[in-house]
C-alpha cells in the first residue's frame, strides 16, 4: 500500500524523511479532504433540506445557518406506512444479503478452485444476468412471480434481491478467492478438514474483506432497488424506496419530506458500514506465512 | 487443486454417509443453488424478450402471437433511435468508467495509506455513502441543486469561484450525467479496490521497495498486477452496470435535452412505457444484450481473469 | 395521517401503498358524509356486498382528499376498498405491466393521456354498458351534464372514442401566475394578451437582479413543454392533426408562430437552462421568488405557491392565461379519470365506485370539507362555501378557464410522437435549432409514425 | 500406522512439449512405522512425491497404497496424514494455538481440554509456548517453522510427511528437534516420510534413505548403505559434505591414469573393472591424507589452492601439480594442522577407501572397503530394513 | 559500497506490557566491503536487525548510518540495497525472469538487453536458467530460493542483505552458491550482511561473525575468534556442531568437581579462576577422546548411551558412570571405530582444549589453547579485521 516513508531515487535527491512524510501526508489529506468535501456537500445539503423549516429548503442565498427542525422526521415517523415499509425493507434486504452470500460465495469458491467445463462461458452467463436494464426484464419477472405465487410476498422480494446481486457476489468473490493461495486449503485438508471445513474455516476468514465488501454493496443495491419493488409488490412487501418517491407528487414535491426520507434511508447503510468497518481492512499478508 | 470427485472418507453410518455425500460432491452442492437461481433469472426473461422481439404485439395467448421476423429490429434502428442511444451509452460508459476506476483506485490507495486508524475508518465510511442515496432521490435533489436559477451548486460556483457555472442540465448534460454518476458510483470501485488492496501481501510491497521501485511503479508493477482479478472484476461489473444505468439519468435529464443523454436503457424505457412498443423495446434489449455479451467476451479474452496463483 | 394537512401543498397523502383506506374520521365511527345523500339514487348499492376492489392510483391530491370519505362507500355498498397509490411515473410503469400481461390486478385505475392507446390495445373496459344498466347508474341523480364538457370529451378518448373510457375525477386547467408585489413595484397590468405578457416579463427580467421574467416548462415529455405549447398553438388558431392521421399540423404557420413565441419568451426572459425545466422546477423557481411569472401552468400550483413551501406566498396572483390579441382564449386542461380494464375481476363494483366517487355529494364534501380544488363538476366551482374556502379569485379564474378549456386530444400514438415533438421543442428552447426547423421536423416525425 | 506402497508413480506438470516430469516412474515399499528420508538436489521431485502421497497432487500414472487400500481416489483427509509443508502454509488469520489445534479439531473428537493440553505440550516441546497467542505474521522464520512442525506433531496420524521441517532452525534447535521427532516417531510408530537437505538429518534420522535425482530413484537403502555403498556416482557425490572427489581416468594395464596422477588398481578392482576403459575414481575428502613429503609411490604432489578453516577441521582445496586441466579437489585435515595457500603437499589415496564408477553410466563398479566394525554397523543397519 | 554503522539500535514490537524487544541496544561498525554473518538462535532478532538496516522496519531507538549518511529517515529505495528475504517474497504474478529483472528495471537505467544479459548470467549461475519463463508457483522450494537469491545478486547495490539465502538448498548446491556469493562479494566489494544457521557458512563466508541472542549482541569477531575464543558460554555453545559439552562444577582446591568426574585445573586455569567457586567447563565433542581402558588419572569412565554413525565419523552419546544427575555429553569419534550402546569407555578431557566459564554470568574465564598454526591462522583472521 501507499507507504509513507521516502524512497527518493538518488542520494542527492534525498529529502529529509520528516519533510517528505509531511509532504506526502499533506498531499494525501488534501486529496482526501477535497473528495470528502465533494461527497459531503450534497449529503450535507440533503440532510439540511430535511432539517429546514418548510419553504426554506431551496432558498438562495442559502440559509447556511438555520434552526434545525425535526418536523419532517416527526411527520415521517408518524406516517406508519413509512416506518412499516422501512422495517419491511430492512428485513427483506438483510435476509437477501445473507441469502445471496450463502448462495453466491460457495459458488464463487467452486469457480475459483475447480476446473469447470466451459468456465468462461459459465462466468459470462452469470454476468449476463445483470446485463439487461431491469426495465427490459421486469415483464417476464412479473409473469414468473405471478405464476409462482411470489407476487407481493416478502419471500419473492428477497429472491428478487438475491437475483440482482448474485452475479456481483459470484464474480467479486471469485476474484478474491483467486487471490488466496491454495496452499492454505491444502494445509487444512491435510489437517483432516473436509473440503467444506477448509472452505469455511480457512478460506472464508481469509476472504473477509471481500465478503464484507460485497455484503455492503449487495445491501445497498437491494436497499435502493426501485423497479422490481414497484412492479412485483403491491401491499405486503412494498419496499421503502417507493415511499421515498411518494413525496414526489404530481404537482408538488415535498422537498423536506423527500430529503428526510432519503436521509433516513442512508442511516441503515451507515450503521451497517460502521459495524463491518473493521473487516473491510482485515488484510492478511499471506507472504509472511507462505514462502513464495 | 485435485479433481472434484476425490473422496474424503470411507463411509460408515448413515450420518457419515450423508456427510460424505455432502463432502464428496461439495462442488455440486456449492454450485447448485447459484445455477438454479441463474437459470430462473436468465433463461425465461431472455427467452421472453426474444419472443417479444419477434412478434407484432403482445397477446395474452402466447401462441396466438403474430410473428413478424426482424421488423421490430428494423423499427428499433430506423425510428427507435437505437444507434444514437448506443453511441451515447458508450460515451457515458467509457468516460464514467475511466473516471470512477481511476478515482476509486486513487482514493482506495490514499485511504489505505492513512496513518491514523480513526481517520481511515472515517474516510472508509464516508466514501461509501454516496452509493446509498437512492437514484430517484439523487436525481430529484440533484436537479434542484444543479438548477441554474435556484440551485446551490451554480450558486456556490458563481459566488465562491472566479468561474461562471455552466447550465449543467442544458449546456453540458452529458458531462453532468458522467460527473453525477462518478459521485454516485466511485464508492463501488473504492470499496472493492480497498478490500483488494488490503489483501496484497506486505512482503511483496517490501520486496518491491527493496528492489528500488518508486511508489507509482510499485502500484503499476506489483500491486495492481497482484490485484488484477479484483480490479478486473470491479471494472467489468461497473462497466455492465454503467451500460444499463437508468434511474439517475432518467430522473436527471429524462434523456434530454433533446436526446443528448438518451441512454439505451432510457430508449428501452420509452419504447416500452411511453410509446407502448413493448416489442420494439424487446428488440433493442436483445441487440443490446448481444452487444454487451460480445463485449464482455472480448474483454475477458483479451484481459483474462486468471489470478496470480493460477 | 397527513392526508388532511393542507400545509404541505397539493402533494397530499404521502402514503405509498399499504394504507387500507381507513379515514381519519372513521375512527369515531361517524361517517364523513351521511348515507342518506346516496340513498336517493336509484342504484342497487349493496348488490356486491362482501366483495372488494383494488384501486391503482397516482400520488395525487384526489387520493388524499377522497380517502377520508371512502368508509362511506364501504358502508354504503359493503365493498371493501384497497388502495395502491404510487408516484406518477412509477404508477405508469406498474399500470402498463399490469394491463399488458393481462394480470388485472386493478379494478380501478388512474387513466391519462394513454387512454386511446390502451383502448386500442383492448385494455380498457368501455363503461357504456354500465351506464345502461339501471341497477348501476341513475342518470337523474348523477347529473352527468354537471361535468365540464371538456371533461366528458376527454373521457371519450378526446374525441377518439364513442364510448366512455372512464369517469373523470379531477381536472386542472392552465392559468397564469404572477407576482403581485413586482407588478405593484413596476406598475404592471395583468396580461391578457401574449404581447402584454412578454412585455411584463421583459420589464421584470430587466429590472430585477435576481428574478427572471418568466418560467415555464421546457423539458421534453408529452406532459411537459408541449403541454404548455399546445395551449398557444390553439390560441394561434391551429390545432393538432388538422388531418388525422396524415397531417399533423405541426408545421403550420400557427404552430410555428406559437412555438417561436414560446421559445423566444423562455430564451429571452426565462431562466438559464430553461430547456430542462420540468413542472417541479417551474414551481420551485416561482416558490423561491426567483421568477416574475408563469405564463401558463396548472392551476393546481396554487396551493403550492401560496402555501408554506412558498417564500412569496402572499404575493402570488392568478389570472387567466393570456392569448394573442387576435386569438382565442383556449387554455389547456387535463383530466385524470379512473377506468377499469377488461381483465379486472370486479368491473361492476369498480363502476359503482366511479359513480360514487364522482357524484355530487362526494365531490362537494371533498371540496368543502376537504382541501380539494380540482372538481370536474361545475356545480362545485359555483358552490359558495367552496369559493370562500379557496378564494373567489382562484375559483372564478379556474371556472372561467375550465368553461373555455380545450384539452389535448390524445390520439393513440400521442405518447410516441408527442415525445418526439417535445424533444424537438426542447431543442428549440435550448437554442439548438430554430422553432421552425423543430416544428417542421416534429411534423414529419409525427406523420411518419402514423404512416407505418 | 500403515505401510505405504508407491507403484510406478509418475507425475508430469504441464502438457505436451512444455511438460516437466517431476517424478519419474518411482516405486517404493515403505513398511509400517518406517522412517524414510528423501534426499536429492533441489527440484528433484521430493516435495512432489510427498504431495502425491498426501493426496494433494494427483499422479499422472501409477498407484499409491496406504495400508492395504488403494488411495488414488482419496483426498488427504481420508488418508489421515499430518504434513509439514515446505512453505509452512500457516493459517494467517489464526493464532499459533489455533493453528496447532486446527488439525485436532478437524480430525478427532477430542475435547477442548484435551486439545489444549496436547497443543501446549507440543508447543513446549517446540519451545514456542510463549508464542501461542501470536499470529504467524508476528513470528520469526524459525518460529513459524516450528509452528508448522508443531501443527503436524500434535496429531496422531497414519503417516507423517515432513518437507524440510528444520531448514530454518539454528544448529542447536535443529539437534533438539531432530531428537524430538525421532523420539515421537518411535513412540507413535508412525510411518514417516521426511525430506531434508541436511547431511546429519539424512544420516541419523531415517531407517532408510531414498535418493532422488531428476525425479528418478537413484538408490534406496539405509543411510550407511547409501553412504558407503552408493549405487552410482550421483549418490556417492550427493551424500557427504564436502562431497566425494571424483577423478576421471583411463585404465592402462592395472593403472588408472587420471589427470595429474596415476592410481594403481588393486586386483579386486581390476577384476571388477573388467574390460571397461574409462572410469571415475571417487574418494571422500576425509579419506585422503596429506603428507609433507612423499613416503611411498602412492602419493602425488599437489598445490594448496585455498584453506577453509572450520574450527576443529579444515578443508583444503588442492590441485594436482601436474594436471593439464583445472580441477580442484578437497581434502579434510585437522583444523590445527599448519597449512597455507600455495604450499606443496603430497596427497595419498588409500586403496581401501576408493570407489570406482563407470564413466559412461555412472554405475558403481567397485565399492570401498570398510573396517570390520563399520562393516558390521552397516550390515546391522541393513538387516532390520530387510 | 559503503560502511554501515549501527548505533545503539533497539527495536520493540508491540506496546506496553505486550511488547517484545526484538533487537536490544545493538551497536556495530561494519566496514566498507565487509562480509558480516549474523548468527543466533531462532527469534534472536537477526531478521529484524537486517530489516532495520534495509529500512523496512523503523528502529524504536538508535541510528543507522550507511556510508556517511544518517539513513533513519530514508526508505529502502534510497538506501540502495538488495535483499534476499527469508520468506523469498517473490512476485507471484511475474515469471522468474521478470522477478529477477524487476530490481534492475526499477533502480537502474540499463537497457533491456543489458538487463536480459545480466539476468541470464545470474540465472545460469543459480542454475535456474531453464526456469526463466516459469512462475514462482511452479517452482520447487529450492528453486524459489535461488530465484530470490538471483534477484538480489543481479543488482549492484550499496549493501547486500541476505537472510538465510541457502537454507532450502541441498549440500552440493549450497556449496556452489556459497562460493558464488563469496566470489561475487569479492568482485563487487559490496558490504554484505548475511544471516545463516549453517555452521559451514558461518565459519567460511564471513569476515566477521555477529552472534545475537535475545536481541543482544553476544560477540563480534572473526569466525575463528568466535569459535576458539568465545566471549561467553552462549557463544561457545552456539557455534560448533554438535555443540560444546558443558559440565558444571565447584572448585575445590585445584580441582573442579563436576557431576561424575573431577578435573584438575592447570595453574593457568587456577589463576584465571581466581576466587570463583562455581564454574562451567566446556569442551567440544571433537576434542574429547575415548579410550577402551584408563591410561592415566585423567580419564573417567562413561557408558555409551547412543551411537550416531555419520559416515566417516560417529557421534557417541555418553553418560559419566558415577554421575548423580542425568547428563549426556557427546564425543566425536572415527566413524569406523567399533563402539556400541551400553559399552563402557574411558573419556579423556585434554587440558589444552578446555574452556572455563563463570557459572553465573556465563562469561569466559579461560580459553582453550591452540596449536601454533591455528593460533597464527586465528591471528591472521583477526588482523585484517582490525
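Just so it is clear, A, B, C, D and E label the chains in written order, and each chain counts residues from 1 on its own.
Quick note on the criterion: contacts are C-beta pairs under 8 Å (C-beta built on N, C-alpha and C of every residue); 3 or more make two chains touch, one makes a residue touch a chain.
All values reported here derive from a predicted model rather than from experimental measurement.
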Topological distance between chain C and chain E, in contact steps: 2
Greatest separation from chain E - chain, by CA centre: C
Chain pair with the most C-beta contacts: A-B
Whole-Å gap between the CA centroids of chain A and chain B: 13
Inter-chain centre distance, chain B versus chain E - centres from mean C-alpha coordinates, in Å: 57
Euclidean distance of C-alpha centroids - chain B vs chain C, Å: 38
Per-residue multi-chain contacts in chain E, two or more chains: 55, 75-77, 80, 87, 89-90, 92, 137, 141
Contacts with two or more other chains, residues of chain B listed in rising order: 8-9, 140, 144, 150, 201, 203-204, 209, 212, 214, 226, 272-273, 278, 308-309
Contacts with 2+ other chains: residues of chain A: 3, 7, 9, 58, 60, 135, 139, 143, 194-195, 206, 226-227, 245, 248, 253, 255, 282, 284-288, 290-292
Residue ranges of chain E touching chain D (in the complex, touch as defined): 13, 39-43, 47-48, 86-87, 138-143, 145-146, 163-164, 167-175, 197-200, 203-204, 223-224, 227-228, 237-243, 284, 286-287, 308-313, 335-339, 370-374, 376-377, 381
Residue ranges of chain C touching chain A (in the complex, touch as defined): 1-2, 7-12, 14-19, 54, 58-61, 82, 84-88, 90, 93-94, 97, 100-101, 103, 105, 172, 210, 279-280, 283-284, 287-288, 290, 298, 300-301, 303-304, 308-311, 313
Chain B to chain E touching residues, read off their complex: 201, 203-204, 206-214, 217, 221-222, 225-226, 228, 308-309
Interface residues, chain A side, partner chain B - complex: 1-4, 7, 9, 25, 28-29, 31-32, 35-36, 38-40, 42-43, 45-46, 49, 58, 60-62, 102-104, 106-107, 109-114, 120, 123-137, 139-141, 143-144, 159, 162-163, 166-168, 170-172, 174-182, 185, 194-196, 199, 206, 209-210, 212-213, 216-217, 220, 223-224, 226-227, 241, 244-245, 248, 253, 255, 258-259, 261-262, 265-266, 269-270, 273-274, 277-278, 280-288
Chain D to chain A touching residues, read off their complex: 54-56, 75-77, 80-83, 85-94, 102-103, 106-108, 136-137, 144, 151, 155, 161
